[in-house]
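There are two complexes below, and they share subunit A, which is joined by subunit B in the first and by subunit C in the second.
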Partner chain A sequence: MAGLAHALSSIRRADSLAGRSTLASTIDARAKLLASLWVVGVLASFPSYEVASLLPLALFPVVLLVTGEVPLGWLCGRLLLALPFVLMVGMLNPWLDPSPMASPWGAPIAAGWFSLASILLRGLIAVSSALLLLATTGIIRIGYAMSALGLPAVLVNQVLFLYRYLFVVGEELARTVQAWQLRRAGKPRHGVPPHQLKLLLAAVLARTFQRAMRIHQAMLARGFDGQLRLPSAPRWHLRDTVFLLFWIAFPLLARLVDIPLTLGRLLTGA
Partner chain B sequence: MHMADALLSPEVGASFLAASLTALAIGARRLQASLQEDSQLVALMGVLGAFVFAAQMINFSIPGTGSSGHLGGGMLLAILLGPWAGLIVIASVLLVQALFFADGGLLAWGANVFNLGVVSCLILYPLIYCTLAGDGNSRTRVTLAAVLACTLSTTLGATGVALETAASGITRLPLPEFLTLMIPIHLAIGFVEGLVTAGVLAALAQRRGGFSGRPLQAGSRGIIASFILAALLTGGVLSWLASAHPDGLEWSIERLGATHLLEEAPVDALHRQSAQVQQITAILPDYELPAALPKAGIVAPGVSIAGIVGSLATLALVALVALILRRPSRRIK
Partner chain C sequence: MSHHLLQVENLGFAYPGQAPALDKVSFTLHHGEAVAVVGGNGAGKSTLLQLLTGFLMPAQGQIRVGELRVERRTLPQLRRTLGFVFQNPDDQLFMPTVYEDVAFGPLNLGVSPQDIDRVVIHALEQVGAASLAGRAPWELSGGQKRAVAIAGVLAMQPDILILDEPSDALDPAARRRLIGLLQRFEHTKLIATHDLDLVLDVCSRVIVLSQGRVLANARPLELFSDDALLAQASLERPLSMQTRGSIPNASHLRPIREIK
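== the complex of A and B ==
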């Protein structure tokens, strides 16, 4: 229950961030969506031991964070929730992959430490990029961008529909589970017992069906004819082209040239 | 259990994205006709998506383990809405989760739709659930079908995560150990999800006077079989491309006429030792290198002073850009 209530409040928070007028929010959602996908794709293409050469790609989430005026605390809180699985899968790497790699202080380091650091850095950059895309754009505009980029209207409408009724259905389920907890006089240690959960879910599901029927009636009353329509795409500006081209070129440059190593050689004369 | 961007290679991510988008496009096309005939379906899909999203946040206890799990919801959606609508709804749930909670990620969305949507809605629903449940009027058959289909669905979804992680080669966790970690707990979670799903269907049937599972649309089995074949072919072709052709960096270097950099022998003792270790231990030589990379001259393996100084300088430059772009006049709470 706490998970559901917390999730709903997190969504409200992300919504309030996306609703503000900032430099990042003026960029077209299509440009931001494509740039985010490209950055994450290039990030995934680095060899598994790369750590330092991934660092330039951190510029993308940092730019979104700053130009979107997103609070760092919000991002860190979301990151802490999102990274445990990645950490769990990568944490054994130092023991599973002890192949020696060079270090500046002489003693070799197990290659697994590099791959673990690489996984964590990839996770940080990829997760931050997705979260900041949402926090600077909002789900509605992302939906319209998906539609403009050719994704099926049924899927886009479904995303927007789901989002619209998330709070209504979610809060109803949260209230139902809370009522069950209050009658039970104590929180369950390991979740709701299955035989009780099915009754709780069935009760809410039955009400969900009734709600769907009412929504359908309301849609018919407003002239719904079975055709799903989305608004036409907003105007594309020069700044969107510049943004997209920069974020295609920069990750490509970072992939082809080891920017930190080049900088380090320049600075140290090595 | 969501696949994560940080564990995916671009080949695996792109293959699954292509496979899932193909399935979604077919689903959307087939649903257009259904939506014209039954406009109620739009509203049902929307609110059921919200319901599954919320239900996934409620943990259930797994008897005898001291652990807990949550619904995947793919099978429940397929039973209530049909396979194509179920797939689209679960894809939308996964997209909202990827954006709001960074569960999975943007590149991994395709893999997650495949693991949690395609497997349950397009493979197990027609092959297991529909076969066992029959016309859906027998409570025993529906319960058996839901339990088996959900158990397989959750277990295959978790197996998918392990296989995709192994195929990507980012982590060194061996596949057998990863599967040993994943499968037992997901068998238990799937079994309980099956019981809950069957219980929900039974409770709904009591209220509505009969089970509400919609029959598989005519001709779907053929499409499903073609789709599975297409997915396998896509994965196979992309894997072949990944292994048989040079990657982008190698291709660029070849174009620049600097192939000697790729073939240059390891120059120092550590490199030679690493290369020997790699030759001995490599399972798929030249596809993924478990040992330190010997491509001297392109990426120096390990840490060097220049690398550390360069990394600090890069971070300083990123911070500088952030400071320049920052608007000090507006404080955000």
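== the complex of A and C ==
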């Protein structure tokens, strides 16, 4: 279970990264949130076999990574965790969609390979954008931005609690499984037997529920009334407007014009 | 009437289908007093704290904080007066940084963003944790977490501090710092604990609970000398009041470096 504890702690590192003073952290959370949603929205609107024309949108996470001074290793580690889920969505496409399609190297291949590559690229750009938004903004400021953009407090609190309880469940699960492993009495290691798994999960859920209740009580004891308040209310600057306008215009341009193809033609004179 | 006065009258509470967790509990905390609530496991300490802070409502009797009776409708006002430090600081600290966590309570109470910096820094300085302001709470040691959790409550400027097992899971040095901290606070304090040595250092009065009833309400030294009463409450004398017959004469002991 050290693996789970380590995974939780590295996700939690996003909050520490967001607390640093970087160029990306000075951009208003509302601008970053809207830009991220727009990029992901435009990404989803591309036809299903597009691959090369999606590439310009990877600039968004690259800019956040560089201006947010986020370690590339941290991002790659988290992307590896998300990769199986992205793969699961499109892994059967090459067999389900065998109609031939011309490939860049001439020989036709199954169209499903293109849609699989497209899903992978979209997934990686979307997940890295979300992770980098978290690592350059922090969940509390994202929640505040959601609230400032008019989302109901109930919904914002759901997001914040969900994020907090992710760690509560993870910590309780890590503790419970560690306790089970220590009392395995030297039996060979091949996972938790099904009849014990049921009891183990029930214990984790019961403990998680109790702990979640205590956390909620601690919030109530400190006057929480459902509304999130920040020590310093963020102010909108000109740079936020420029950032938002650029990241609305650029994905739109990438959607309307095939930038890699146009650049290729310009460079080769074709 | 002072908001520092806490009166518990004939308090009773039972969890569904169980024997009463508290039965006819009465006591009063006066302005500036530091009172300990002690007792064995299941004596009713946690239930009492849950009732005092309004997370549970009494089945009988009443709790008054100054002029206010503890009821659902008075909870927002009461939470300005009663500061509750939870047993496990991990349950209490949930904001991304120590600064934001300490600011959470005062902001909810309406402290303006202009004043929040002064309030937060003052609270952190009171517990000697000003240097931790920018750190993430989950990165801190147990003692630091405890100090920050107390700062989060102090920042709300409560009249009465209620602490649940404040020395739980602290190393001796962190525990000693906590005792110094509690001795310096001028707040009215109610401390539920098993750490009877901490009680000797901090509290002027002790309430002993046993099976949901008040068994004794007296000064620490008098109470901790009564072995029969302590045994009845599943307690024993504080370590500093115990004699250790089995420790060999110190002159026979050699420093560890010499043994090596």
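As a working rule, the second predicted complex is superposed on the first by the 181 of 270 C-alpha atoms of A that agree within 3 Å, B and C clash if a C-alpha of one lies under 4 Å from a C-alpha of the other, contacts with A are read in each partner's own complex, and residues count from 1 in each chain.
FYI, a residue touches a chain if its C-beta (ideal position, glycine included) is under 8 Å from a C-beta of that chain, and two chains touch if they have at least 3 such contacts.
Computed from a predicted structure; not experimentally measured.
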| item | value |
| --- | --- |
| Partner chain in contact with A:Ile139 - subunit B first, subunit C second, else both or neither | both |
| Subunit B versus subunit C as contact partner of A:Thr26, first or second or both or neither | neither |
| First, second, both or neither for A:Ser16, with subunit B first and subunit C second | second |
| Subunit B versus subunit C as contact partner of A:Asp225, first or second or both or neither | both |
| Subunit B versus subunit C as contact partner of A:Thr241, first or second or both or neither | neither |
| Most subunit A residues touched (candidates subunit B, subunit C) | B |
| Partner chain in contact with A:Ala233 - subunit B first, subunit C second, else both or neither | second |
| Subunit B versus subunit C as contact partner of A:Val89, first or second or both or neither | first |
| Which superposed partner A:Val127 touches (first subunit B, second subunit C, both, neither) | first |
| Intersection of subunit A interface sets (partners subunit B, subunit C) | 139, 164, 211, 215, 219-220, 224-225 |
| Residue ranges of subunit C in contact with subunit A within the complex | 53, 55, 76, 79-80, 83-84, 86, 88, 91-92, 94-97, 99-100, 103-105, 107-109, 113, 116-117, 120, 134, 136, 138-139, 152-153, 156 |
| Complex contacts: residues of subunit A adjacent to subunit C | 9, 12, 15-16, 18-19, 138-140, 164, 211, 214-215, 217-225, 229-233 |
| Partner subunit A, residues of subunit B touching it in the complex | 1-2, 4-10, 13-14, 21, 24-25, 27-29, 31-32, 35-37, 39-40, 42-51, 53-55, 57-63, 66-71, 88-89, 91-93, 95-96, 98-103, 105-107, 165, 168-174, 178, 192, 195-196, 198-200, 203-204, 207-208, 247-249, 252, 270, 273-274, 277-278, 281, 288-293, 299-311, 313-315, 317-319, 321-322, 325-327, 330, 332-333 |
